[in-house]
């Protein structure tokens, strides 16, 4: 019984890309279109201002999911063949990504509140945890499925652990000061450009 | 008149992956985002607790669809060329998968009731039935489109028949005790890891 | 200036598959999940029966879009390189496919009425018209992009013309007797299996 | 540490196609299905006429996104390997594309008003700006990732600059006369066919 395993790696990559692409695009449908009665400029602007928290959540989650996609993309591109252990870890990862449109809307529509902030950051933490599991399998150089060397594998794992730590920190922050709990993830998102090149690796 | 049949197999795989990915991600949009008036922790938690049946349905259907995808992925990856009989069976399979977000929301929002549980399990049974048809075509070693040997083909068919039997059993259970009717599918989902390796096959 | 034109054909195929897959899966989100108050079997069944027109529309449109996908898939699989004329015709085709979830819900929620039936069938006719244009470009054996012979190209064009004729007929029928206006398309969908093999071609 | 960079280019192309395909198809779900009470032809027609602004927005945005996809598709097809700078610019581009269903519905449901028209055209301008950044990276012949010659690269950049200029102009127009602010983009969409062939390039 033989299986074209590369074909299965391709389908896993493809299926993951599709789920991530759908989740990232569905972020927008939770923002409800306002009706502006009469051609009143002030009312029109007010309607948009009222949606500011939703736009904030949209942009934040778009960048976060985009960054997860980048790491996922780079790690799986470094695999030379399919590892069956990928399925379960990857499915949990995708399940958490699929939860993001809900978590984002829950956060945005109740911005500054403890429970929505804790929930959002907990989903992020579970996403980061599942992402770490995917990374560990994808960069397992002993399995023979990866073409990374030891340093490359360590870099991937270290990066995904840093994201996991930041997400965990944001849950704790949300319990104390929900309004500022997104700062650790924002630092991850924008701090990358200040890293020395050798730590940036393939991202 | 010649056709690049592998190209058509690729497109079938691709189209199926896309429909499955969309259906699995759409599961979340049936969970409506609660508005929590005031920064009240108890109300926030209560709002989430009220959504517990929806999260249960989301996780269950995500795992079920994920598992169907895995079998579909493995079976079509074992094909070496396109079999025109795939189209009809696969389209019925995808139609049932596309029904899942509706069936899941119907089940979750009316948890413990007979009709929604029977409906959900009936959709699962039809999905499993169409899946069995797809498996039979994809693993038809006499057709020349499969690269499986006899034992491999039998394993795929046996597994899809077990899923079909479990889904049928869950319909019957739902008629008697709807709250526990998801147990057969849950056993399928989590029982796999206790199987002897030679029965696990490529999954 | 050189372009990897096959790459562009691949992306056109891919983009079309994605739009068709999304449209076919979105059909379900127009069916609103009923809430069944109390564990009443009769009410539960009544809620589903009330949705019967929606399920009818879902199944009809799923099969129609599936069939369009099959023809599109086979025709583009027979191309060996990208024809720039594809873009415009294909975009109109995809626009009409993207309209289908709306047209289907409009038909289903007002079943038996003239305007929704005419609208639905008009969208089908425009889809079939754009499909014919795509077929004409994809099977243009003089362009050097197709690997079909003359008989193959004629078969594709004849089939897409028959679909266009059936859709046009259904618009006319809808003006007189909306409830029966889906019959021509249904004949196309299910009549195929009674065709002599040589007319079935690659479908 | 080695990475199959072409694999990463493929995934970037794929992910972009998927997001664009989802956004273009989601345009339709913002058009709410009217219920026509009684089989009244006049009421049915009136319900559709009331949706005319929504259909206008749907068609306009479908063509605009389709055209952006065409340019994106052609530019990335001319790349021979992955440029890591693509990620950030492309993510901003996709974020703006994902905003289009919201911007389109906001425009359509408040047609002729200043704020929605300015917002829609501002989103278009940001899309065109991000698109220009993507084009600049994808056609950077000094980077070694592009297989374009100098004239080809200039053509891509010039075209994306013209789109950016038209979108900027439409923002200004919207401030004065919102109802006619879509004219510059419409000229871009339909003016292409009157261009001399050497300026049409690969589009």
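The chains carry the letters A, B, C and D, assigned in the order they are written, with residues numbered from 1 in each.
Everything that follows uses one rule, which is that contacts are C-beta pairs under 8 Å (C-beta built on N, C-alpha and C of every residue); 3 or more make two chains touch, one makes a residue touch a chain.
Here the structure is a predicted model, which means the values were calculated and not measured.
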Regarding the chain A and chain D pair, does the interface count as same (over half of residue numbers shared) or different (under half shared)? different
In whole angstrom, the CA-centroid distance of chain A from chain C equals 35
I'd like to verify one number: the distance from the centre of chain A to the centre of chain B, where each centre is the average of its C-alpha atoms, in whole angstrom. 25
For chain B, which residues are shared contacts with two or more other chains? 14, 18, 22, 26, 29
Is the chain-to-chain touch network here best called a line, a ring, a star, complete, or other? ring
Quick check on the complex: what are the chain C residues that touch chain D? 1-5, 7-8, 11-12, 14-15, 18-19, 22-23, 26, 29-30, 84, 87, 91, 94-95, 98-99, 101-102, 105-106, 109-110, 112-116, 119
Would you mind writing out the residues of chain A in touch with chain D in their complex? 13-14, 17-18, 20-22, 24-29, 31, 33-36, 39, 41, 43-45, 47-48, 58-59, 62-63, 66, 69-70, 73-74, 77-78, 147-149, 151-152, 155, 201-203
